[in-house]
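So, here come the structures, one by one.
Two complexes come next, and they have one chain in common, subunit A, joined by subunit B in the first and subunit C in the second.
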Partner chain A sequence: MTIRTVFRNEMRLLAADRVLLSSLVLFVALFAYAIANGFAWVAKQEGTVAAVQAAEEERGAALAAELERIAAGGDPGSPFRDPRAANVLGGNLGARTVVLGPGPLASLSVGQSDLLPYYYDVSIYTNEQTFLQNGEVENPLNLMVGRFDLAFIIIYLLPLLVLALSYNVLSGEREQGTLALTLSQPVAVRDVVVAKLLFRALLVVGLALGGSLVGAAVWGGLGAPVRLALWCGAVVTYGLFWFGTAAWVNTLGRESSWNATVLVGAWLGLVVVLPAVGNIAAGILHPLPSRVEMINTAREASNESVNRRSELLARYLEDHPEMAGGVVDDVAGTAALSWAATEEVNRQVEGVAVRFDEQLSKQQALVSRYRLVSPALLAQSVLNDAAGSGDARFAHFEAQVRTFAEEWRGYFVPAILAGQVMTAEAAMGRPEFVYSEEELSVVLGRSAMPLAMLLTLALLAVVPAAIRLGRVRGGG
Partner chain B sequence: MQSQTVSDPEVTSQAPTVRPILEARSLSKSYGETHALSELDLSVAPGDIYCLLGPNGAGKTTTINLFLGFIAPTSGQALVADLDVAEHDRETKAYLAYIPEQVMLYRNLTGLENLEYFAALAGKKLEVDQLRSTLVEAGLQSEAIDRRVSGYSKGMRQKVGIAIALAKEATALLLDEPTSGLDPKASNEFSALLEGLRERGVAVLMATHDLFRAKETGTRVGIMRHGRLVAEMSTSELGHSDLERIYLNHMRE
Partner chain C sequence: MIIRIARKELTDQLRDGRFRASALMVGALLLVSLGAGWTQVSSARAQLEAAEATARNHWESQGDKNPHSAAHYGVYAFKPRLPLSFVDQGVDPWTGTSVWLEAHRQNDFLMRPAQDASAAQRFGTLTAAGVLQQLVPLLIILLGFGALAGERERGTLRQVLASGVSRRDLMAGKAAGVAGALALLVVPAALLGSAALVLGSTATGSLLARAVVLAVVYLTYFGAFIGLALAISAWVPSSRTALVTLLSLWVVNGLVAPRAAVDLSGWLHPSPTAFEFSRQIEEGMANGVEGIRPPDRQAITNRLLQEYGVDSVEDLPVNLSGITLQASEEFGNAVYDHNYTELWDTFERQSRVHESLAVVAPLLAVRALSMGLAGTDIEQHRHFATAAETYRRDMMAAMNGDLAQNSRTGETYLAGDELWVSVPPLDYEAPTLAWVLGNRTVSMLMLGLWLLGALSAAVAGARRAEVGP
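What follows is the complex of A and B.
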């Protein structure tokens, strides 16, 4: 009874309040814009994926045609363009393009997908440098704010709408004098305030959930119901945190202006400052090795390896005596030498890469621990993970690409060192990459902790608010 | 009929013989060393208009707030229809209607919408026609009913407050300085409304500074000072200038 009565009254108050109504309309417009923006990004990503796949098909067709031409007695022209040479075929000529398609709810959250690579050309030259070029932590503001997608609105702007609607949910009643009249009725003030907050929560969270469902439906995300449920769970819990905080601040018995100041301060601290401080702290405590150092190391290693080819080959063959018999003719010998040089470069680069990776994992571990204090970071990690645009899905993709690159080298390197001529069948049968999506249980397992932590933070606000609301008596 | 009982001077200076709706028993409220109310014994029966007189800080508003359960007593009991307010907060409020010095309503809503809301909170779901007739009965002009409250005068807002009391069929009305700031015409209208409620058997407890209004409207008067009830009398026993004289005598002591 109380809930229906309060809801009806709230509806009338909302309809009569032009400022509030305008804010809501503005938010609906922002939601629509964010959905369109997310959709545009996914369309762009899909366009890129389609383009690189088309380019690969074109290369494959050209390769097949060239092999056919050579089989018919044609001249490859140069040994560097001869697809029968394992180092040429396994190098750029026959390279496979591996792609990671947009995540299941990519239209809702661009996440890291505009920063991390979602396709690679895999050849025998794929090495740590390939991955490192994209692995550096970006401008924290870019990482933090991201694009203007639905996740951005939910994380950054939704709390402001929550606060605008509820900073004076109790103090406003006291200030305009209606609390006295309410308290003189046979109802518990807690029931009235909870009903008022519930009305606002249904409005705000309903808007966010509705926007999410529309956004997901636009791009076929409804086919990932578990991820969508995870997304919605994060939105509801994040909303609960902010409503709980607003309710708690209202129970402190201060005036509305004080409530507004404190709540906007909380928003600024938890949503803007804390994540930025976390990123900066990670950079200071665990600085990444410079990329210049990385490039210089690779260049030096490359120059040195060119100068010391014979020595390198001898050393390589000492390491791999089973390959020694294959270096027979000049062309094949040059290829083997070249490969030995490549291996040396890889070895040198690996040293820097290991240090880089170590620092990066330390940074990520710090950020991961640090996010526990910020509901915004917690919610963002769950939203990104649910959408499939978080770090983890890219790491999962990268790990598969590394394995595939190993497989690729395993297919070609013995042939290079043995000086084998690749047949047309071998060329067409070169390894193919098939991406296997993360198991849902892995995604859910990874999101369980941040979601539980977010819920804990929400309850830390809601429970004291509920207790204090039960003690509200005075109408003055 | 209760009104006959209360009009009897022999009886009205004493506690009423019918069961009181509002009753204070040794009711006290202290804030640290400050005694806002000390050992108040008072009862208001149906059809009684009990006016609490006294200067600021005498304990009038504290008394009303204790009956409303807005504050908890330090000792003693505030009873509404024989129920202790401290133990039966919600049940006792079903009997009560409260009109503060400034009846504050939702400014962006109409008088009708405000009445509908507060009546519904009190558990009274009324049809629009009933709401309209209640507002008219409370003295609000029918053309004002659908206007936003932000354009209402204090008197008009009080009428909505009375309408809430009528709608929830309150048996006791608690008023805190209701006539301060009202012009004489509006004050007279308000007194007439109170008289109507009294005739229906509603018990009225009104805190006021207005000696004239207390004499004209009240059936009984209590004078408070420093948190204590220092005198209690029936208005029918008093001559025109008696109340002022008695009041001032008590203030000089």
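What follows is the complex of A and C.
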């Protein structure tokens, strides 16, 4: 009875409040813009994936045709374009393109997907430096600012709507003198305030969930119900945190303007300032060694490599087969020599990469620790993970690419070293990459901690608020 | 009279606990960000110097080689960091930091530092620019929202005006009071920053000029915000409405508009994907661009044979390979120019969209100017990329020229240290202040309009403000 009365009353108040109504309409417009952006982004990624895969098929067909031509007695033209040579086939001629498609809920959160590479050409030359290549061609200014996606609205703007709707949920009643009136009725203040907050929560969180469902539906996200549930869980918990905080501040018994100041300050601190401070602290406490070291090591290794000359010559001849006569007398065996040098360089670069990754994981450990104090960072990591646009999914992909590159080398290197001729069957049977998506249990397991922490933070606000609400008496 | 009002306003502000707390907070963040920025830029500069020296050493000590092998080996160029980038790191973490200059290819910049950081960085890093662009305006809002609305609510506005103070003087005094309170925070930070700049680097005239203009830009921005806060405070009925309106504007200015500009710029000026871009270059290499065709080795051979009046390439006084390599290099340059110019222009058109949206969010204008003056905007990234590419082309021309002139076709030829040393190191000169500002006319115009508009609105607001509730 009480809840229904309060809801009806709130609905009337809302319908009369132009400012609130227009800000709700504005939010709906922002959601629509974000959904359109998410849609466009996934469409672009899907288009790229399709184009990349089509190009690979084209290359495969050309390779098959060339092999057929040679089998029929055709001349490959030059030993460096001969698909029967293992170093040529396993090098650029037969390279496979490996692709990570957009995440299951990619239309909700762009996350890291505009920054991290999602396709590579894998050949025998794939090494640690391959992973340093830039990802998409993207305007660095746009990367710096970040995209206007649903995750952005939920993390940054939704709390502001929550605060605007509930900063005076109790103090306003007291200031208008309606609190005493309400208390003269046979209802508890707690019930009234909870009902008012519930009404607002249904409105705001309902808007966010509705937007998310629409956003997911525009690009097949409904096919990933578990991830969608995880996403919605994060939205609800994040909303609960901000409603709880607003309720708690209201129970402190100060005037509305004080509440507003404190709540806006909390939003500023938790969403804007704290993450920025944490990022700079991570950079200062665990500075990453310069990637330049990796380049220089690779170059020194290739300089010092005993086979340097042979390798350089072989590479040179791959680029300029027409000059073979002028520069070296003996082409035979250069492939094996070249491979030996490549391997040596890879080994040294891996050493640097391992040191770099150690330092990087220290920095990331720090980041995931300070993440625990900011609900915004917690929400971001769960939302990205649910959408499949977080760091972890890209790392998962990269690890698979590494394994595949090893398999690839295992297939070709023995033949290179033995100077073996690759048959047409061997060429067409070269390893294929099949991406296996992260297990849902892994995604859920990774999100469990930040989600639990977010819930804890929410309860830390909600529980004292509930206790204090029980003690509220009327009056001014 | 203005001075007395200003002094009263200042005293009021300094007594206000809320202002003191938030000013202390913002001041602390400003100091921390300046210090952190300074440390990072200094160490980055030291690293760069070391890397440059190593890279140069690799080049000079590569031993005897065919010049074209050396061209393939190439050198690495590292993007320098201007001293002022400690105030605003701009797009630097989001662009590559080094580029491999080798034969045949114009490579992309490698290794975006952002790629090594986690998604948490998407919240931004604390920088002095961020504090000045986002938090100081918030402080101004806190200082100014009640300036007139508050007096009116307390009934003191009627009194003040009755005592014969002109409305314009009242507004000027209020503005001066707010500015004074702000100055207590900003001036020490600016002095500290300048001291760091002068002591910590070889302060050239052009650097100091950039710093001065940077200060003017931020002062204009603050001025616009002071005007805006006072105008709103005068125009709206209550101080509560003034605060809500100003906070909404702040959210639009600092959060909504910048993000909205990202996607909008992508809609208006789509950039190619990495795959499309490399495809376009392959296509150009195969079929030519802008009517320039790939060089024909046979035609070059025939031309040379005719020119030197000999019958076989072995009899040529020059090495045919050197000549054809240079011809294909020049053709490749045309293809790269065609594609990269288009790409960079697209990026700059996108930046222009960001700048134009400064109509609703002055932050976009001040951010563009700040990055420009700090030397960390896209245009200056392009400026360096172009310089590095020009250097690469000169280097390749030197290698191919040596191969062509000092060896014969078909002969095994090795050049030595002398040739490597004869290629000077890349000496990059940052663009002038005029060049930087030339790119930022839209932003300067926008910022100027904001200042003018906000101040006029404040004056008009003072003239028309209701004196009592």
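Quick notes
Quick note on the criterion: the second predicted complex is superposed on the first by the 432 of 476 C-alpha atoms of A that agree within 3 Å, B and C clash if a C-alpha of one lies under 4 Å from a C-alpha of the other, contacts with A are read in each partner's own complex, and residues count from 1 in each chain.
Criterion: contacts are C-beta pairs under 8 Å (C-beta built on N, C-alpha and C of every residue); 3 or more make two chains touch, one makes a residue touch a chain.
Model, not experiment: these values are computed from the prediction.
By the touch criterion defined above, A:16 lies against subunit B but remains apart from subunit C after alignment on the C-alpha atoms of chain A.
Judged by the touch definition given at the top, the superposed model places A:362 against neither subunit B nor subunit C. Contact comparison for subunit A: of subunit B and subunit C, C touches the greater number of residues. When the shared chain is aligned, subunit C comes close enough to touch A:30, but subunit B does not.
Applying the stated contact rule after C-alpha superposition, one finds that A:116 touches subunit C and leaves subunit B untouched. When the shared chain is aligned, no partner comes close enough to touch A:402: not subunit B, not subunit C.
In the superposition on chain A, contact is made by A:377 with subunit C only, not with subunit B. Look at A:446: by the touch rule set out above, it reaches neither subunit B nor subunit C. Of the two partner chains placed around the shared chain by superposition, subunit C is the only one that A:272 touches, whereas subunit B remains out of contact. By the touch rule above, subunit A contacts subunit B in their complex via residues 1-2, 5, 8-9, 12-13, 16-17, 176-178, 180-188, 192, 473-476.
The residues of subunit B lying in touch with subunit A in their complex are 65, 68-72, 90-91, 93-94, 96-98, 100, 102-109, 113, 117-118, 120-123, 148, 161, 164, 168, 174. Subunit A makes touch with subunit C in their complex at residues 19, 30, 33, 37, 40, 44, 47-48, 51-52, 55, 111-112, 115-116, 119, 132-148, 152, 156-157, 160, 164, 257, 260-261, 264-265, 268, 271-273, 275-280, 282-284, 287-288, 290-292, 295-296, 299-300, 303, 312-313, 315-316, 319-320, 322-323, 325-327, 360, 363-364, 367-368, 371, 376-377, 380-381, 384, 390-391. Those residues of subunit C whose C-beta lies close enough to touch subunit A in the complex are 18, 22, 29, 32-33, 36, 39-40, 43, 47-48, 51, 54-55, 58, 62, 65-66, 68-69, 72-73, 76, 78, 90-91, 93-98, 100, 103-104, 108-127, 130, 134-135, 138, 240, 243-244, 247, 251, 255-256, 258-263, 265-267, 271-277, 279, 297, 321, 343, 346-347, 350-351, 354, 377-378, 381, 409-412.
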